[in-house]
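Okay, got some structures for you below.
What follows is a pair of complexes built around chain A, which joins chain B in one and chain C in the other.
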Partner chain A sequence: MEFLTEFPALGRRDLRDLRLAIDQSFKNFSREYGEQIEAIFDPLLQFLIGFERLLQSTPWPVFIAVVCGLAWLASRSIRIVIGTAISFYLIGLFGMWEDTMSTVSMIAVSTLLCISVGLPIGVLMSRSDRAQSIVTPILDVMQTIPSFVYLIPVVMLLGIGKVPGLIAVVIYAIPPMIRLTNLGIRLVDSEVLEAADAFGANPWQRLIQVQIPLALPNIFAGVNQTIMMSLAMVVIASMIGVTGLGQPVLKAVSNQYLAMGLFNGMAIVALAIIFDRISQSYGQRLQKFRQNGQ
Partner chain B sequence: MFRQTAARLAMATAGLVVSGAVLAGGHSGACGKVTIAEMSWASAAFLAHIDGIILKEGYGCDVEMVPGDTVPTTTSMAEKGMPDIAPELWANSARVVIDQAVNENRLVKLNPKPITGAGEGWFISGAIAKAHPELKTVDDVLARPDLFPHPEAPSKGAFHTCPAGWGCEIVNTNLFRAFDMEAKGWMPVLPGSGAGLDGSIARAGERDSAWFGYYWAPTTLIGKYGFQPVDWDRSYDAKNWDECIALPEDQCDDPKESSWTVSEVVSLATIDFASKAPVAAEYVQKRAFDLTLLGKYLTYMDANQAAGEDGAIEFLLQEEAIWQQWVTPDAAQKIKAAL
Partner chain C sequence: MGSNMTTKIEIKSLYKIFGSDPAAMMEKVRDGMTKERLNDEYNHVLGLNNINLEIPEQGIQVVMGLSGSGKSTLIRHINRLIEPTSGEVWIDGVNVLSMSESELRDFRRQRASMVFQKFALLPHRTVLENTQYGLEIQGMSDKEARQRACHWIERVGLAGYEENYPGQLSGGMQQRVGLARALATDADILLMDEAFSALDPLIRTDMQNILLDLQSELKKTIVFITHDLEEALRIGDRIAILRDGRVIQQGTPQQIVLKPKDDYIADFTRDINRGRVIRLKTIMKPDNGQPGPELSGDMLVEDAAQLVTDSPSSHARVMDGDSQCVGVVNITDLIRAMARPDIESRIEDL
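And then the complex of A and B:
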């Protein structure tokens, strides 16, 4: 009976040795290769710092004008443009401009990184079922593993600061980009592809000129999701030293500063809504254009 | 409410009288039931189990461990007389309760300094302390930002401050201004959370790299990686601290250089324990650790993922010369036999 009620677990000593061995081998790895890995990420760090400095040193009217211009180009909706201007004005009015710039630069860099890494992986997945069967479970793990679990090794390896924070954000935010790129390309009509083949397109032309353009609405839905998920990670990333709107939120949480938490939380929400509306309406415009063209 | 308290007081007084009577007529071997507070952090658990083993084996006490934390344990000791001993108690966070109970003769700071060097402050990593033995005081360290390059601005020195929202964050921010550290080429690193701060220390320790910042001792991390406290080399001015340094930045216009406020770490005991077992109480008075010794056993516990009891047994087995000075020869014999 005891066999049924007590699970035949490893002995306490074995488990302890196993845990110690795993910890030790990770520490050895970090000792051995930490410096090199840091060196690999150094250009990324410089880029992040440079981009943040650029945003923080840009005069605020210029920044608002540029963002509103982008919003207009993407959405052609005057409501979105006005909403964007008002949101940024309020953020500045409540003294959160600098933190917001840090967060915007973090989100921008992480989105760029997600697109530039996620798009090729998504394309690869769409072209090979084997790649899809390998990548999908990895994406599942990335989306569900509690972020604190990978924050510990990332801090051991890269310390605290921008780069480890960026990596934590990218791990969490990249899966929708990959998934939706894959999906978008797989959903392209096979008849359209036949037509492309009939015109003598080589695989590269077929991908660049037919598949990706037709998959763009889906890809943009992926970009949109990636931005949203990066913003959701802002507070958690600030737990390992990322500056920005997350730090005051953490401060507010541990001191029960209601107003401080609310202001900074609302600023994150405002950024999320702005980015969401802009990227979504751009995606919709792409779709409309396609429908009109047909 | 009042009647309850009065009744409890009366009972406590009666208990004192009775135990005094027993003591007067009895012999020193009988120590009776002793409850020891075992706090949630490693060094306190280690101390609690050393006390537990020594009192049980050496003085024949009937020892029981009671899990606790600073404020609830202190309150319970003051109000209920239980547990009897808190071996490592950080008195700053329960000062009002302790002072009142000590004045009313219910509690006693049996050992005012069980751990020399315990407290908060600024530390440098062991590797940098070894490579640059000249870095002793705050001024020595602040003069060399080049030794601690900031990851985001290598020309500046990295100062690891406290996570956002902790009380010490305010203090560190003000001290950063008081020591004019920005002009001296320093830039704060914001760890964001306790885990972040711990992680940065562990990383510097594992890599033998430079680290300078805020932490406290005795802790496993400080002991394990051999981090060294930086000497403040300054006097402490309570007025400057209470009215400026400890207040948020906008309420502290002119912070002055200061050492960190002294963290009072004591072995607190009930009067009851001190009077009913004076020989055992004498042991608690004599028991003293320094950070190096404590760090050695915190490291042992960490490396073996061992609990406080395992660490205590290891200490008693290895460091006989040290603990024999704390106990009577008779008790030493018994403890040795029991081990």
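And then the complex of A and C:
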């Protein structure tokens, strides 16, 4: 009867030994290779720091003008431009300008990283069912595993700071980029692809002239999701030393500062809405050819 | 027509079997296993069954068949979009199936272009950019490609629509873009896969006229797939009829209409307007000196009937290319040729 009521788990000692063994071997690994791995990420750190400095040293009117200009180029919507200007003005008014610049630079760098890593992986997945069957479960894990769990090895390996924070954000935010690139390319009309073959396109020409342009609306939905998820990760990443709007939120949570939490939270929401509207309306403008007829 | 032309494309004992292990099925098919048995017992589909076809240079070869007959599969073997299970496709003395990947790409870029049933245009590119597509792949400079594309857009009657997107055009106009795109590469072989089947009847006739007009000047080797016998008779110099992956008859439009090889083809041809297929030299009788308008031997019976009716004489004199009289027809012959009854008995040799 005991067999049925008690799960035949491993013994307490066995489990402890197992955990210790895993911990110890990872500690050894990070002691051995930690510095080298840190060195690999050094250019990324320099870029991150440089970009953050650039944003923070830019005079605020110039920054607002540049962002509004980008918003106009991407969306061609005066409403979005005005909304952007007002949001940044309010953020500055409530004394959150510097933190916001840190967060914007973090989001920008992580989005760039997600695109430059995620796009090729998505393309690879779309070309081979085998690659897809390998990558899909990894993405499932990345999206469902609680983010605190992978913060542990990242911190053990790289310590606390911007780069581990960036890695945590990228792990969290890259899956939609990869998935939607893969999906978008797989959805490209097979007849158009056949035409490309019939005119003698090589695989690269097929990819650049047909597959990516036709997958672009989906790819852009992926970029949009990636930006949104990076922003959502900002607060958690502040736990391991990422500066920006997340840190005051963290402070507000631990000290029960309601107003502080609200202000910074609202600033994150404002950024999210701005980025979302701009990237979405750009994505829609890419599909302009689909209007009229058909 | 036909025998005096050189062969451009020669398809030799071509087989295509779809399924998990086509090579293993080849022997059974060669030994005469039917399509049905192959499907029922071995779960393989016999797409093409021993196709042998000689396609003349500078002519329009129509391949006609109903859906499932294998005609679209066949045309895709010519530029090897589909690999055969067995067989050869010779074009100007080169076997397409022995080409390396890069040779094949070159062949597709320079030698054979294709027009598709559902147009297959790039929706994110304008008419001009679509027409330039093949040239871009060839690596032509943008300026030259643009010039050439503009020329062909004008030739297919789309001048003024260069900056429109395909989604803004009607089906007929989209297929003109498809045609311009195919012609722009300057390939000497044009593969047309049910190119006009998706169009309304009136627009289809328009497109047939455009094609015939262009062909009279360009003299390309055209392989044209269709399921419509009227279309086949109208534009084909030669017609091959495909059924269940097999060529059941090939010949000129007149041969198909006047001497259908079996009941299946006879069924098809029964409702055809013979006056638009049969030519004077087919039904003429020896010259008996009767006066009348002088007509070309290649003239269609229907057109001749019109002219003879309008003339004071009830006869027409049939002339050859050197303006020599080679025979006569009278109005009764013309009417008899257009009527449906079996006239095979009256025509010994075609």
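In the analysis below, the second predicted complex is superposed on the first by the 289 of 294 C-alpha atoms of A that agree within 3 Å, B and C clash if a C-alpha of one lies under 4 Å from a C-alpha of the other, contacts with A are read in each partner's own complex, and residues count from 1 in each chain.
Definition applied: a residue touches a chain if its C-beta (ideal position, glycine included) is under 8 Å from a C-beta of that chain, and two chains touch if they have at least 3 such contacts.
Note that the coordinates shown come from a computational prediction; the quantities given were computed from them, not determined experimentally.
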item: Which of chain B and chain C A:155 touches, first, second, both or neither; value: first
item: First (chain B), second (chain C), both or neither touched by A:239; value: first
item: Partner chain in contact with A:197 - chain B first, chain C second, else both or neither; value: second
item: First (chain B), second (chain C), both or neither touched by A:247; value: first
item: A:255 touches, of chain B and chain C: first, second, both or neither?; value: first
item: Chain B versus chain C as contact partner of A:32, first or second or both or neither; value: neither
item: Touched partner set for A:45, first chain B, second chain C, both or neither; value: first
item: Which superposed partner A:16 touches (first chain B, second chain C, both, neither); value: first
item: Which partner, chain B or chain C, touches more chain A residues; value: B
item: Footprint overlap on chain A, comparing chain B with chain C; value: none
item: Chain A-facing residues of chain B, complex; value: 151-153, 163-166, 169, 189-193, 195-197, 199-200, 202-203, 206-207, 303-305
item: Contacting residues of chain A [partner chain B, same complex]; value: 16, 19-20, 27, 30-31, 34-35, 45, 49, 148, 151-152, 155-157, 159-162, 238-243, 246-248, 250-255
item: Chain C partner contacts - residues on chain A that touch it in the complex; value: 189, 191-192, 194-195, 197-202, 205, 209-210, 213-214, 216, 289-294
item: In the complex, chain C residues that touch chain A; value: 79, 81, 104-110, 112-114, 116, 118, 120-124, 133-134, 136-138, 165-169, 181, 185, 191
